[in-house]
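What follows is chain A paired twice: with chain B in the first complex and chain C in the second.
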Partner chain A sequence: MPLSTISQSQDEQYVLLAILDNARNLSNILKAITCKDHAIFTATANGLKVTVEDSKCMQANAFIQADVFQEFTLKEDLVVFQINLTVLLDCLNIFGGNTAAGVSTALRLCYRGYGHPLTLFLEEGGVVTVCKINTQEPEEPIDFEFSSSDVTNKVILQSESLKEAFSELDMTSEVLQITMSPSQPYFRLSTFGNSGNAHYDYPKDSDMMELFQCNKTQTNRYKMSLLKPSTKALAISCKVSVRTDSRGVLSLQYLVRNDDGQICFVEYFCCPDEEVEEE
Partner chain B sequence: MQCVVTGGNVKVLGKAIHCLSRIGDELYVEPQEDGLALRSVNSSRSAYACFLFAPLFFSRYSIPKELSFRCKMAIKSVQTVFRSLATLEKSVEKCHISLDEQKDRLTFTLHCKHGLLKTHNLSYQDSESLEAVFDKDSCANVLRAQPRVLVDTVAHFPTSLEEVTVTVNDERMWVRNYVEDESERSKVMLTELCLAADEFDQFAIKAHNSITFCLKEFRGLLLFAESTGLPVSMYLDEPGSPVVLSVTDSVLEGNFVLATLSDDRSPPKSNRGADAEQPQPSDDFMNDDMDSYLIAMDTSIAPGPSTSDLPAPPVAASRKLPAPNNRSRRHSEEEEEEDGEEDLERPPDKKFRSLFFGSVLPSSPLMSTQPVTTQEVLASDSEDETEAE
Partner chain C sequence: MKFRGKITDIACLNHFTRVVTTIAKLTKTCVLQLTPDNLFFILSGKVTNGGVGMRCQLLQANFFHEYQMEGVSSELNQICLEVGPDNLSRALKTVQCAKSVKIKLSKKHCACLSISAELPTLSSVSRVVTHDVPVEVIPRRLWQEFQEDNMADFDVSIYLPPLKTMKNVVDRMKNLSNFLVMEANLKGEMNLKIQTDLVSVSTHFKDLGNPPWGEDSSQDGGLSQSRDPESMAEVTVDIRKLQQFLVGQQVNPSKAMCNMVHQSAVHLILLHEDVSLQYFLPAVA
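The block that comes next holds the complex of A and B.
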């Protein structure tokens, strides 16, 4: 491993050191949350959480557990920095993001602490590239105060069935309306576009529905422009959990299986657009 | 109106919609006694396509007896319903089309696997009936081939190619790329394919003609024919008269009518076929809304409102406009000469004769009663010159 030739003594200066045999395990999941340039990285002993926000109404989080990394060392309890995600993704794919079997880019991610750049050592086929990306003052991520004890409605679906709906969404519609109800129509996605409206109804006994826990009929609208980026996470996920709380805040949790069969999560929070009168 | 399509027919319907979307931006829907008619025409009115799905195509087909209904809608929105043909085949079990006149919505409901229900409530506009006047049976030459033969033939032409020239004699059919400018012939690649008569299921030639028409729409029909495995019939006549391409089986019929380039060198001839028996337009064809009776009209002769943007007349009951036979060929020839220099800059379809449309008129007594005098000239060789400037 050429990466291991890098002096071990240097490692001691780093507050965060993460080693990954296949950089794609990180880049794929980061791609799923890129809707804005800047991302907040929060590292704890559990792993890495990457947060992207849009319009103070939407937040996307990617969770990469510590055991996804071959090595994950943290000198402090909490390490937080902000970075340009687009640049980071470009660096992670600096070898072209080859998807051919047996070829993978090894990654060593190092951070010395506040004020220092994030350093990436990328190695593929004996070639090592060193990238230094300046870090930024981290912003305070929004707390959506979404508590699992306040969840009104929850469904878990196999992503397959939602992919179809999301790929066909009428993008002339400004909003995506989600109805969850203990009675008909159970789980409904609606759009209201130039040429009319469309509804996608999922019955609660569908094979695609893994869990259906709806206590109260709720209809909320979410900005299409805020939800559309979540399609990227949907595309790589195998299951999705859709939850709303009593305020109508939407939580979408995607279970993503990476190349090595490990599980990562992507979570989206989105504020409802406006109150909708029941028809 | 209630139509239910099941199984593989959903895909056929979807294919037909995709095929029509290659022609124009609007889909004209008309439930008729003899089936559901879906039509489209391009903006220069040089290409028209119609699919008629017989009642037997549907597992249920019921239309209002009394009330005749027809509408047009953005074809894009209907395409959304049938967006992915692959999933249509895989997951859609049943498609239900119904009309909600209270809400003015045409509803497409797709019943998919796993109980997923997709409902599209699409808005529509009332519209006049759209019908091109053509008569396949009067065409001198009839060819019928398996779709594969024609697909393999057009596959040799680049997608950028606008038009092809088809020439027939007693033994063969030639297809070559059409080069607009004779002086460019030496610069461009010329492709020519020759198909012997025995490649065809039917090869009935009465006149040795050579016609030029747009390839894009032809490809569209071939896609449909190939996926349904239906043989394609070509009805072609002299240059300038439309070529008709059709696919037929027991439950559906598709006709594409494409304008062909007129041959300026040939002497003006009297028109033939359908156009020959021309009933006089009767007095009740009148209306201040040009769009309702002239779908293809020559605005250089009768400057009028643009044909596409006008609201459709509110009243739908009507009758068909007979085919005009006055193509004012002399007039168009002069026009062509005058505008010779401009030809290069114009889009290619400008030189096509627009198709002649029979149309349906509101017969409301509220309509203006002044006789229409420009009735006879429904089309010319090119689009409106004044509009182009």
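The block that comes next holds the complex of A and C.
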């Protein structure tokens, strides 16, 4: 196999080396967080975390655990670099991102350390592609200080039910209003668009509702333009957890199952648009 | 000057339509050259179209049930027309179910290729739909442009990898860069490369094989015999032009190959049983 012969001798020089039999397992999850070009890669012994931010108000994180990779070797405790995500995705899909069964692109991802490019070796059907993507000075990601102890309301839904609602959302509305409450209407999505207002209510005992833990009625508005990119993660996920803390910061956690049945997570944080007076 | 052809077989009609559609994807206008045995669609490499050239040859007998033509004179028995292949393709697509299609050079308001299709009907009265595609008759003094000129001695000739794979790679590379470097040697290896400020990508194909040019006709076989098999011929091309060529391919050819003149041109050749398509891509400076 050509991939294993390439630069075997150079393996020692890499601070990060990750091997994946199916590059789609990485590209699919990265696709779900592409809303801006620049992504911060943080590699630890646990795996890879990829962070994308928009307008200092929204942050998307993709977590790919180390055991998703066939091999994941890290020479340092922490490796951080920034990279152009659009370019990386084009490289990962260089062979067309084949969906046909039995055909997959093998990937070897290497990084030699600060100042070096990220090198990808991709192989499909005996054809080898080598990509060298220049890395950039990593920016410090925003800390949303979202702690699970401060969570006011939390629901876990089957993604199926939210997909339907999101596909029908009135995109002419500037904001999406989320109401979570221990009493009626429990969990409500509202839009205020050109053609009128719309509300989507979820009863708390619905089959789609896996968990309903609401302590206090909370109504917050979030910019539609910031939430829109999260629908890409929703589309490939099977479960979603919607949480808000006392400040109204929204956390959306998506559980994504890849082609090989392994589980990855995508997390979104979004700041509320403005305070809404509660009645 | 006369031309009249009739296609009666539906498979031939589909095939002919496919070829014309492929041409339409490559160019807005081209020259249709009619000779007693062949039809040629020709785009000569002019500066206005970035130096890209095309030549597609169709053996008339493989498509037409009846084929009559009378050229400008008996010693120059051919007709050259300027056509918009898109118009032809659109007309042909609407008559895919016809019992027979006649293509005729006619004079209406202007010179036209009239495509008359006899459509199937349940009654005894037949229905005929005619499309008139305007064409321009090209005078004889401009004909020398359309003669097939021999490719300058190429440095490397190589079979292309599966066009679908190549298209996928070129599509992605087009997102990243405007120019692509094609490299090939006589060991059956071909590389596609791009390089920008952000990224460098190179795709390596191997074991493609090199077509045996001129081995049976002459012993010396030109430059290629004396060439070091490892040494790469390299041409930088406009990635959009290459992509355009790859997008247009609707059927997998029986043979696809590429001749390269180091730092000057790429000549892509696709051979089907009855159609041959050649595409010339000049190097960008």
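As a working rule, the second predicted complex is superposed on the first by the 277 of 279 C-alpha atoms of A that agree within 3 Å, B and C clash if a C-alpha of one lies under 4 Å from a C-alpha of the other, contacts with A are read in each partner's own complex, and residues count from 1 in each chain.
The criterion applied here is as follows: contacts are C-beta pairs under 8 Å (C-beta built on N, C-alpha and C of every residue); 3 or more make two chains touch, one makes a residue touch a chain.
Keep in mind the model is a prediction, meaning the values are calculated, not measured.
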Inset, instruction - Using the superposition on chain A described above, determine whether A:N84 touches chain B (first), chain C (second), both, or neither. - result: second
Inset, instruction - Go through the superposed model and pick first if A:D207 touches only chain B, second if only chain C, both, or neither. - result: first
Inset, instruction - Applying the touch criterion given at the start, work out whether A:K132 contacts chain B, chain C, both or neither, answering first, second, both or neither. - result: second
Legend entry - Partner chain(s) touched by A:I94 [first = chain B, second = chain C, both, neither]: second
Inset, instruction - Please indicate which partner A:D170 is in contact with in the superposed arrangement: first for chain B, second for chain C, both, or neither. - result: first
Inset, instruction - Tell me which partner A:G102 touches in the superposition: chain B (first), chain C (second), both or neither. - result: neither
Inset, instruction - Using the touch definition up top, name the residues of chain A that touch chain B in the complex. - result: 161, 164-165, 167-168, 170, 193-203, 205-208
Legend entry - List of chain B residues in touch with chain A within their complex: 73-74, 76-77, 80, 83-84, 87, 91, 105, 114-123
Inset, instruction - Write out the stretch or stretches of chain A touching chain C in their complex. - result: 84, 86-87, 90-91, 93-96, 124-134
Legend entry - Complex contacts: residues of chain C adjacent to chain A: 161, 164-165, 168-169, 171-173, 175-176, 197-207
